[in-house]
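Below you'll find the structures, each written out as C-alpha cells.
Shared between the two complexes below is subunit A, which pairs with subunit B and subunit C, respectively.
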Partner chain A sequence: MSEGPFIDAVNLRKSYKVGGNRVKALDGFSISLDEGEMCALMGPSGSGKTTLLNIIGGLDSADSGTVMVGNIDVGKLNERQRALFRKKNVGFIFQFFNLIPSLTAMENVLVPQMFESGRSGGRAEELLERVGLRDRMDHLPRMLSGGERQRVAIARSLINDPKIILADEPTGNIDSETAKAIVSLFKELNDEGKTMILATHDRLVAGRARTMVRIRDGRVQRGKRPPGQGTIHLKSGGE
Partner chain B sequence: MKTARETFNPASYALSHLKNNPFRSVTMVLILSVTIAFLLLVGSIYIGITMEVGGSKESNLWNAPGSIDMFEEFQIDEGLPEEVQNTMLNWLFFTSFLIMMVAIFIIYNTMAIAVEERKKEIGILRAVGFSSREVMRVFLIEGAFIGILSWIVALFFGTPLIVNLAAYLIKEGQKGLFFVQPRIPVELAIVSLLGSIALCTVSTYLACTGTVNKAAVDLLRVE
Partner chain C sequence: MRGDRRAPGLGKDRMAKRMGGRSLGPLGYIIKDAWRKRSRSVLSLAGIASLSFLFIIFSSMDEGLDRYFEEREDDVGIPSDEEKALDSLRGTMNSWNYLITGLCLGLMVLVVANTAAITVIERRVELATLKALGLTSRQVSSLVLGSMFVIIYGGIAAGTLLGLAFVPLLDRVEFTLWGEGIGFPMAIDLSMILAALAIGTLAGIIGMIPPLLMVSGPNPAEVMKNV
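Now for the complex of A and B:
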C-alpha cells in the first residue's frame, strides 16, 4: 500500500461540448481521501459531481489532472485496463438504478461476474439476503419498487467486493423511509472498510458522511474540514 | 431453487434477452431460416448437378455420405450438358449471394435497432467492469444463438421443401430436370450451420461495433 491518501485527485479539469458551447464540468478540482472514508459530495445539478465520480471510477477521463487510486494512476490506464480496474475496485450505484430489464434481480447481481467461470450464485444470494430481497430474487426489475431496485443495484455493486463505492444520487428516486434504510446500509458498508463517495442532494445521506465537500461550478466550494491551500485534504479524525 | 442462477454466464445472458424480446427474436429467426432453407436447396441442387456429370462417380465434386447415386436410383442415363450446368450454377450462386446479402442487411438492421435501444444497457455493462470487447462478445453470442436457432428451423423448412421438390420432379418424370438431391447430406448440414452462425455474427458485429465502442459515460447518459 502506498503511504499517501487512498484516492488522490489533483487539479482535475473536464469540459464538454454542449451545442456550440464548451461547458466546464470540473475546473481544477482536487480531493484526497483516506481508505475507509465516507465522503458526501454536495452541490447543485450540473456542478460536476457525476463527472467527478465517473473520473475517479475510471468511466471517464479528465482533460487534465491526475487521479491516483491506491498506487494506480487511473488516467494512464487503457480501455481494457480501466474496465478491469472498475470491475475489481469500483462499485457504481446510480440514481436510476441502471438494472438490466431483461434479467432477474439475482441475474442482475451476477452480471459483473458473468465471464468468470465456476463462480457460484452463493455470494449473490447472500448479498440479496443482506439487502432484504431474498424472496425477490427471481423478480424482474419492472416487478420491483424503486427502493428494491436500488437495493438490487447495491448488491450488484458489492458482488466483486470492491474497495470503493461511488454512488450518484442514490436516494434521488426513492421514498424517504427506504432512503433511510439505504443510508444505514451505506454506513454499514463504510464501517466494514469500504471507501465511499456519495454525490447527493439529500441531507440525510450527507449527514451520515464523515466528510462533506461542496462543489460548485466544478470547483471545491468548501469542505466540512478546513481545506489546505488550493487542494482540499480531508483527513478523517481516526478512531 | 433454480439451477440457472448457479451458472449465470454470457450465454444465459443472451438467452434471457432473446426470451424477453420474443417478437424481435422470432422475426430474425424466421427471416434467417427462410434464407438458410433456400441456401440448403441451392446446396442440394449444386450436389445434384455436379454429381455425375462427365462420367465416373469419383469425379464428384461433392461426394457426401448422405448422397445417393441418382443415376442408378432413378435410371437417368446422362447428366446435364456442361453449358446448361454452368449457367444454372452461375444463376444459383448469384441468387444465393443476393439472398444472403438481403438477409445480412435485414439482420444488420434489426440488430442495429436493437443495439440503439440497448445503448444504456451497454453503458451499464461497461460501468460494472466490462471492456467493449467483452460487451461485443455478449452480443456475438446472442447473434450466434439466432444463427443456430434459425438453422434448426431451416432444417424443418428446408428438408421437406427439398424432398417434396425432388418427389415432384420424379413423379412428373422430368428426368432431364432432375437435379434436386432429395436429401440433405451431413456436410451440407454442417456447412449451412456454420454459414448461418457466420452470417449472424458478422451482421451483429457490423451493427454493434459503433455503439459498443462509444464512451461509457455517453452510453449511460441515454434515457
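Now for the complex of A and C:
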C-alpha cells in the first residue's frame, strides 16, 4: 500500500459543449481516497458523477486539474497507456451492463483478455461461479435477466483483478431485491481490498459505502464518513 | 437470487449459444460478430461475390482470346470471318480490361466502406465499451478490420469459385457476333485469382480508411454519455 491517498483528484474541471453552450460537469472538484475505500457519489443527474468516474478511470480527461492513482498521473498518460492503465487497474461497471450481445456470459467475462496469449476460461469460470452464474455461463445476454447481466458485468470487471472498481449507477436498471444482492457483492469485494467508487442515486447502495460524497453542479456539496474510520479529504470549490 | 427473473431461452439463439466456448480470441469475436449481423454480412458478401464473378468471367474471356491468338501466331493463312470478329473483339476487350478492373475495385470500395461505416455507427457503444475495458484503439480497429476482411475474402472466394465453375460452361456456348455464330474462347489462369484477391485487399484497405478513423476518433466516454 502506498503512503498518502491512493486516489488523489485535485481541482478537476471539465466542461462539455451542449448545443451552443458550455456546460460545466466538474467545477474545481477535489477528492482523496485511501486504498480499500468504498465511496458512494450521490447527486442529481448531470451533477458530474459519471464524468468524475470517467476521469479517475482514464476514460476521459479533465480540462484542468490532476488525478493521481497510486503513483500514476492519469492525465499524463497517452491513449495507449490509458487503455493499459484501465485494463490493469480499473474495472468498470455500467448502468446498462454494456455486454456484447453475440457473446455468451463466459465470453463476455473474457473480453478484456481477448488479445492476451495466455488467456484461459478458468478464472472467468471462477468469477461466474462467485457471482452465482455457473449454470448460466453459456447463455447469451438476451437470455439473462437484468440482475444476471449486471453480475456478468461485475465478473467481467474483475477478470484482470483490478485494484479499483468504478460503478456507474450499478443498480439503476435492476429490481430492489437484485440490487441488495449486488450491493452485498460490492461489500464483499471491498472487504477483499478493492477500492470502489459507486455513482448512484440509490440510498441502499450509498448506505453501504463507508464514504458518501454529494455532488452538485460539479462541486462537492457534502462529504461524510463515520467517525473513527480514517480521514476523507474533500475540498469544495477549487481555486 | 430471489426476485431475479430469468428470461426464457430463445430458439434463434441456439446456434450462437452452441458456438460459445471456454476461451475468446479476436478471431472468435470476429466470427461471432459476422454471425450476429449475418443478413448484412451475407448481403455485403453477395455484393463482393458478384463483382469477383464479373471480374473472373471478364478476365477469362480476355485470357481466352489472348491464348487463341497466341496459338495462331505462326498461322499465316487468311483469317476467317470468325477470326476477324474475334480479333476485333480482342482489341475492345483489352481496352475494357482496365475499365472493368477499375469498376470492380470502385464498387468493392463502396460496398466495404458502406458496410463498415454502418457497422461502426451501429456498434459505437460496443466499441467504446471495448476501449473502456482496456482494449487499445488499434486492437478495436483490428476487430473491425478483421470482420470486414472475413466478408471480403468470403465474397471473393464465393465469386471466384462460381466464376471458375461457369467458365467451362460459357466456353461451350456459341454466341452470335456481327451476324456470325462463334464459340468464345475462354481460359482460366492463376493470375486471375491472385488479381481478384489483390483487388479485394486493395478495396478493403481503401474502403476501411474512413470507418477506421471513426473507430479511433471519438472518446469512449463521449460515446457512452449519449446512450
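Some observations on this one:
As a working rule, the second predicted complex is superposed on the first by the 223 of 239 C-alpha atoms of A that agree within 3 Å, B and C clash if a C-alpha of one lies under 4 Å from a C-alpha of the other, contacts with A are read in each partner's own complex, and residues count from 1 in each chain.
Keep this in mind: a residue touches a chain if its C-beta (ideal position, glycine included) is under 8 Å from a C-beta of that chain, and two chains touch if they have at least 3 such contacts.
Every value quoted in this text rests on a predicted model; they were computed, and no experiment measured them.
Upon superposition of the two complexes on subunit A, a steric clash is found between subunit B and subunit C. Once chain A of one complex is fitted onto chain A of the other, the partner contacts of A:His139 are limited to subunit C, with no touch recorded for subunit B.
In the superposed model, A:Asp175 lies in contact with subunit C only, and not with subunit B. In the superposed pair of complexes, A:Gly147 makes contact with subunit C only, with no contact to subunit B. More subunit A residues lie in contact with C than with the other chain of the pair subunit B and subunit C. In the superposed model, A:Ala167 lies in contact with neither subunit B nor subunit C. By the touch criterion stated above, A:Phe92 is placed in contact with subunit B and with subunit C alike. Contacts of A:Leu198 after superposition on the shared chain: neither subunit B nor subunit C is touched. In the superposition on chain A, the residues of subunit A touched by subunit B in one structure and by subunit C in the other are 54, 57, 59-60, 79-80, 83-84, 86-88, 90, 92, 94, 98, 100-104, 106-107, 110-115, 120-121, 125, 138, 156, 160.
Partner subunit B is touched in their complex by these residues of subunit A: 54, 57, 59-60, 79-80, 83-84, 86-88, 90, 92, 94, 98-104, 106-107, 110-115, 117, 120-121, 124-125, 137-138, 156, 160. Of all residues in subunit A, only 16, 50-51, 54, 57, 59-60, 79-80, 83-84, 86-88, 90, 92, 94, 96, 98, 100-104, 106-107, 110-115, 119-121, 125, 132, 138-140, 142-145, 147-148, 156, 160, 175-178, 181 touch subunit C in the complex they form.
In the complex of the two chains, the subunit B residues touching subunit A come out as 2, 5-6, 8-10, 12-13, 16-17, 19-21, 120-121, 123-134, 138, 215-217, 220.
By the touch criterion given at the top, residues 1-10, 13, 16-17, 20-26, 28-29, 32-33, 35-36, 125-126, 129-139, 219-222, 224-225, 227 of subunit C touch subunit A in their complex.
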